[in-house]
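Okay, handing you the structure first.
Which chain is which? They are A, B, C, D, E and F, in the order written, and residues in each are numbered from 1.
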Amino acid sequence: MKIGLVLTVYNHLTLDEALRQIADLGYETIEIGVERCSGQIDLDELLKNNNAKKLRKKIAAYNLTISALGNHAEGQLVLGPHHSDTDVIFPGTPGEKIRYGIERMKKTAQAAAEMEVPLVCGFCGCEDYSRWFPWPDGNAWDKMAGPFVERWNDILDTFAQCGVKFAHECHPKQYAYNTETAELTLKLLNNRPEWGFNFDPANLLLAGVDPVLFIQLLGHRIFHVHAKDGEIVPHNVRRSGLLAHGDWNRIDRGFRFRIPGWGDIPWKKVLTELRLANYDYVLAVEHEDATMSRQDGVIKAMDYLKPLILHEPFTGKWW
Amino acid sequence: MKIGLVLTVYNHLTLDEALRQIADLGYETIEIGVERCSGQIDLDELLKNNNAKKLRKKIAAYNLTISALGNHAEGQLVLGPHHSDTDVIFPGTPGEKIRYGIERMKKTAQAAAEMEVPLVCGFCGCEDYSRWFPWPDGNAWDKMAGPFVERWNDILDTFAQCGVKFAHECHPKQYAYNTETAELTLKLLNNRPEWGFNFDPANLLLAGVDPVLFIQLLGHRIFHVHAKDGEIVPHNVRRSGLLAHGDWNRIDRGFRFRIPGWGDIPWKKVLTELRLANYDYVLAVEHEDATMSRQDGVIKAMDYLKPLILHEPFTGKWW
Amino acid sequence: MKIGLVLTVYNHLTLDEALRQIADLGYETIEIGVERCSGQIDLDELLKNNNAKKLRKKIAAYNLTISALGNHAEGQLVLGPHHSDTDVIFPGTPGEKIRYGIERMKKTAQAAAEMEVPLVCGFCGCEDYSRWFPWPDGNAWDKMAGPFVERWNDILDTFAQCGVKFAHECHPKQYAYNTETAELTLKLLNNRPEWGFNFDPANLLLAGVDPVLFIQLLGHRIFHVHAKDGEIVPHNVRRSGLLAHGDWNRIDRGFRFRIPGWGDIPWKKVLTELRLANYDYVLAVEHEDATMSRQDGVIKAMDYLKPLILHEPFTGKWW
Amino acid sequence: MKIGLVLTVYNHLTLDEALRQIADLGYETIEIGVERCSGQIDLDELLKNNNAKKLRKKIAAYNLTISALGNHAEGQLVLGPHHSDTDVIFPGTPGEKIRYGIERMKKTAQAAAEMEVPLVCGFCGCEDYSRWFPWPDGNAWDKMAGPFVERWNDILDTFAQCGVKFAHECHPKQYAYNTETAELTLKLLNNRPEWGFNFDPANLLLAGVDPVLFIQLLGHRIFHVHAKDGEIVPHNVRRSGLLAHGDWNRIDRGFRFRIPGWGDIPWKKVLTELRLANYDYVLAVEHEDATMSRQDGVIKAMDYLKPLILHEPFTGKWW
Amino acid sequence: MKIGLVLTVYNHLTLDEALRQIADLGYETIEIGVERCSGQIDLDELLKNNNAKKLRKKIAAYNLTISALGNHAEGQLVLGPHHSDTDVIFPGTPGEKIRYGIERMKKTAQAAAEMEVPLVCGFCGCEDYSRWFPWPDGNAWDKMAGPFVERWNDILDTFAQCGVKFAHECHPKQYAYNTETAELTLKLLNNRPEWGFNFDPANLLLAGVDPVLFIQLLGHRIFHVHAKDGEIVPHNVRRSGLLAHGDWNRIDRGFRFRIPGWGDIPWKKVLTELRLANYDYVLAVEHEDATMSRQDGVIKAMDYLKPLILHEPFTGKWW
Amino acid sequence: MKIGLVLTVYNHLTLDEALRQIADLGYETIEIGVERCSGQIDLDELLKNNNAKKLRKKIAAYNLTISALGNHAEGQLVLGPHHSDTDVIFPGTPGEKIRYGIERMKKTAQAAAEMEVPLVCGFCGCEDYSRWFPWPDGNAWDKMAGPFVERWNDILDTFAQCGVKFAHECHPKQYAYNTETAELTLKLLNNRPEWGFNFDPANLLLAGVDPVLFIQLLGHRIFHVHAKDGEIVPHNVRRSGLLAHGDWNRIDRGFRFRIPGWGDIPWKKVLTELRLANYDYVLAVEHEDATMSRQDGVIKAMDYLKPLILHEPFTGKWW
């Protein structure tokens, strides 16, 4: 298993400067976000003039690989929400947002193929996530199944043609946000091989879901892992509950994202279960810990994870 | 403190038959829902020909009082959501739904006044509840403050004229859903006296909020209490988390509403804290326990709560 | 659901005196043990001269029914252990013990049929229960499958002929002792309809098994329920662990059987899950609480359980 | 086991009126406080003119017995503290307070003897309770052993002559305040038979001591039991800790005394362990629950305890 | 944040030898105790002949700074107790002890000023700490407010003149011992800027107080931090409770002080909350772990804390 | 305290290759299993021609010592079980197995003496371990005391002659398997000095026993320590309980053995308590973690334990 880094944390540096630091810290691979709003990579440019290959070579020059391209924001547009909250991703009518989202996800698959990256991580979107609570329309969640199947099958056909897989990240505001809904999407898509998960345990903790059981039940479909921790803050959670609203900088939240090892995720159990599921790809550190600086977080995450990595494949009991 | 019942549980009986049974079981007061979609009471008719008084007399004939009118569904329209999920309440454009919701809440206040009921319980609505998670628009929750203040101040002006108060029920899909957002609404409304809460501990448990702390912090604004319990189902919650989607009849949910005493709410602590906050009005049993029949639930709830009622006012240490 | 009593607690009284007391205390049905060593009922006599019918009539005269015949001791002989520990049940060589056990279980089925009792509760036995720990022979547990299948299929054929079912009680020292091994027996017996379970939650607690999950997974095969509680004694368990050796009278044990409501079984969760599984037969109080006298236990058990009984069938959400 | 009441709760009524109410509520016995500051009983008068016998007869006329005389305040003077805090009990120099305390405890024994009451409950006092923390003088706790032995042996000699026992209540501010110091006093007094304990589980909970283990280790020396509960208030305890200062009326305390069943004491475990220790005397309800009125508390305590009382002696496993 | 050491642990070495070892182990700063009874520093000598400056230079020669002077023992005399327990600090009448304590604390401030140390850590004292339990005088705690305000305002006036602050350590036997009483002292002193806290989480754990909440509520007044851990010993605490009496060497205590990382303090949560409160001064290891030798403790504490130190200031969410 | 390794993990290598790797990884000492079935050491050969001394020298050449010889399998034969499960150790009649077991344990003591190893670790055996549950023969456990005393006294006489001690490992399937039965064996053997324990905390966790209390009560008789961890797997244990049957490779077991630091054993508490008991010999890593390869396990165990080792003897509080 390799330790990687989601590149976003260095979006204030030039790419070269970022890659140099990442390699120096011992990270072996990166996930690069390509949504337009991230301002990092221009997907249209990337698909021109061998730019994709050039980028791959530049990264390889630092002895780094690309574990996955990321496109969370534009994937959100596929199913919604389509009101003003997503204007920051792409302004337009619902129909325009949907078309744009679908087109961009397909383009992301093409870019991945050109860069010889086997995977795209992202969000599938959800028209109205609050429908998990069955009121006033008890069937509102079920009604979202149709658009999910139609639009994502369309996108995944392109992924299939490109030989790239899509790893959805179960997360609040997504149609698949817990173990049950993740299982549901597999069923709806007839287990098509391009669809799997980018496992991020912090997103599950936030909703009271057991991340270790997620691996046990769905480990064969985990394509990528985000090493992100979550902290239930005992002296705050009584007021805000787990569903704390407001900006991440609000310091009295009942829940915070943390770097691995500083929250409540049982990492040894997570890593053991990933191993039992024969997962052996990448642990990509996603630093969204508002209590730590960029640099402190990236260093402490590596310090914490490195001693936990197992180096030999799981072959079962050896005695 | 009196033990009451939310009338919905007997919406399959004639009103007279329902009132007879309720009184026989020892309940002393009822909450009556007046939203059109509930099919129980026609609000427009009620406001004609002394019908309100007649209804009050009919209820009094069974030695019952009315603790509050309830109008959850039409209150939801005030802030939304305004998409198809709320068509079951009132079909129309967002603007039409808003206008209808505001008008109906005002009418509910008038009906309460005519029936000499001091209180309306209900929901305030929320355009998009999933905005508690600050993505993609980190300020989306805050942006909902303007419509909340404008529309509810308008409604509450009518409540003030009628001498009636409004008790919002903190609940998923509402702008005020936990202790923090409840405090926020008080601040936004400058603590105007018509605005308070219908405390329902099960709705808080579901989001990881401590119901006892809610009372400690906001007890002076609790106008009404729903005696409803919630059960975190240990053998299911690992898969679904607390935010279990789908119909209440799904038996493998990680969370269920229950009648008081059959879930995880610490009722003695709740009742003690209500007492310390000098709350001395009504505990209205709201039976939404899908594991029990109507009759079993109504009987068991009374069996559980009756021995817990304290009969003398809180005067502090007496020795 | 009816509250019943396992008759053993009154084995110091005449049957008539016992039945009178049981009926007076509000129990509606009894389980009668017929193993020879219990000294209560002579199975051979019972099968002669219409004695079975006479016994049923005598019991009916007290307005009591028979929920099940019990034969735990002689069922143990079917699979073992066959060393001196079981001489108290029937002395002999292993072969003789097996033959005797099989024959007596068949006879018990016949007696049940003659008495119009639909069910026999009992143990299936286990040659060496300590084989759950896979050492020194890692396959020793698996090797017991063959005799289990052969001997119990033979017995169950007679049950099928008699129209009677067998409810095995998962319990230490039995081949099926937890949820996993219970599932295993169903698989080994090809789900034949005569084989199911006498659910006793205390026996599961003792081994760290969740009784509520047992119901969720195997509720459709629960034929009978023992209302017996278990207590993990916190100030003792650190020394003895859950597997406390020695006589039940040893007061510093880390685990004790208790009457319902005085131990750690979450009875409301158990009863809710039984209901969701559509179980609607008998809760038979088995008093093996060494801290209480016969009479205190039988009274307190009824006091605890009676208010928990639901009277209407489960029909799901009614609103 | 009988349910009794500490009379203090009715110190606003005439004795006759109090006795009448107590008997009507189902209590069978009372503990009467005789310290001068309680204002209930004048000990000097009691010892004159057959007054003790007259009082006993008056009480017996209500079918009540006296489980114990109580003298907590004057016992406190025996070891201290002797500064101004105890002036409310008896003003004077330390020497005068000690002499008064000793004399009054002896007189209490004499009164008990005259009233045919076998027991006095009370406090032994402690010069400086904060010495449990070994700083600045690491031996300060040990230094208090000498006065304890000398003064209490003197008092207990009178108890022996009177045929009365003394039950010390382990409690904050006493030399024996937890299981370890209770054991220490037995050792210091060479297990003399007049010295034992008035077991009050709430006082132990407050200091983090396990009340059930206290019974297991010291049950043979428990002469009397106070049925008083304690509540660790989760939403407050983070700020105040268990050692909350200030008046009992302060509603945001992290710890409160409660009536039985409304706090965190595991009463079924307490009663089971008392039974295993062959304790079969009195459960005296001491109502110091600042959240409940006198009357609510006395009624709810009886409601809670009555169904828990076992009626037959412990004889061990009966099967 | 720097890691420091309270010098006491090396009071068996010459100062030079101690400083050498401390610097070699990676500590960057020290706290020096100046109470006479500690035998380390003669405060009177220090104030003569530029001795303060010489001492500072000697320490600087080892690349160490002084985070604070400590004077716990003599501060205790200011409020008491004034009985024989404090004779080891200074023998005399209560009046003499008070005068001595006040004078010495002022002198400590002067020494700090001469040594250019901005801070004195210490205790404020408490006449009778056991008064937190409101009996027999329910107002006894409140009565201690007057002397606290008068004497400490006097001392703090000198601190103000010297430009030095005082950091009180909340601890058993002090007037401010938990979050509530710490807040009380700020209120009593009108938030004067010289008064703040030496945060030591182990002292809070001992009383059931949440150290993380202390930081959230009072972080702006935390001037210094003691890195000391506390262990609730599960197999002992049932007997002794948290308030275990007797010498620290007693190995069956229910509570022990430990070096950081070997007890129950959640250090990552503590350090995160200190950071959110913008605390960026010193973590001073105070080794009072009776289970470890001086050297093992000082080494293990550094091993544990060093990887937890964050190096960049808190600037909030950076993305 | 030294960190050692149980040699079994390298039974696929030549001894020389194993020793080289062990030394390179920083282990200082090894435990060598000598049972015939382990195939590592031929005990009969060892006792010939100075082979024992040669082996010791070979090991010393790698700067390794031998902490103990191990003989678990053949010790099991002494008390049983004697049915087919133990044929893999030695086939024969019960009598033959007993004689072989006794003889081999004596021979192991002789080999230890010749190699100057002070200790043999192993199992004592148990005829039928399931007898801890007192049914059907309530005295079956007690009846095993006789053979235990007779056979082990015989063996221990040889140990005494050889100047070697025996350390029994409390473990499922042994007569001494928890703290209580360990205490029982000491009593039965009149505390003879050759009998003590090989403390393995994972074996205790499996049965719900507190390993730290074991040390407190029996630390003076702990001769050797196995550093083995155990993991209660939360998402599995509800089904299988703690007594999970079947092969260690079954990945959905509710309990697994783990390497130190990856399970639920509180190692700092274990090491502290060992220190308080003055244990200062060897922590021998026994790698039976089916989720890790040989090499990963041996490396991670050393990484985890090394920083926890204390280097100086326990002398109590030093200040």
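We adopt the following convention: a residue touches a chain if its C-beta (ideal position, glycine included) is under 8 Å from a C-beta of that chain, and two chains touch if they have at least 3 such contacts.
Only a predicted model underlies this, so the values are computations on that prediction, with no experimental measurement involved.
Counting hops only between chains that touch, chain C reaches chain F in a minimum of 1.
Touch-path distance (fewest steps) from chain A to chain F is 1. Farthest from chain C in terms of Cα centroid separation is E. Under half of the residue numbers found at the chain C and chain D interface occur in both copies, marking it as a different-residue contact. The equivalent interface to C-F, defined as the listed pair sharing over half of its contact pairs by residue number with it, is A-B out of A-B, A-F or C-D. The distance from the centre of chain C to the centre of chain E, with each centre set as the mean of the Cα atoms, comes to 62 Å. Per-chain Cα centroids separate chain A from chain C by 51 Å. We define each chain's centre as the mean of its Cα atoms; on that basis chain B and chain D are separated by 46 Å.
Residue positions 210, 213, 235, 238, 247-248 of chain C are each in touch with at least two other chains. Residues 210, 212-213, 216, 268-269, 272, 275-276, 307, 310-319 of chain D are the ones that touch chain C when the two sit in their complex.
By the touch criterion given at the top, residues 8-9, 11, 231, 233-236, 247-249, 251-252, 261-262, 288, 290-296, 300, 303 of chain F touch chain A in their complex.
Contact residues of chain D toward chain E in the complex are 73, 76, 81, 83-86, 88-89, 126, 128-142, 172-173, 177-181, 204, 207-210, 213, 217, 232, 237-248, 254.
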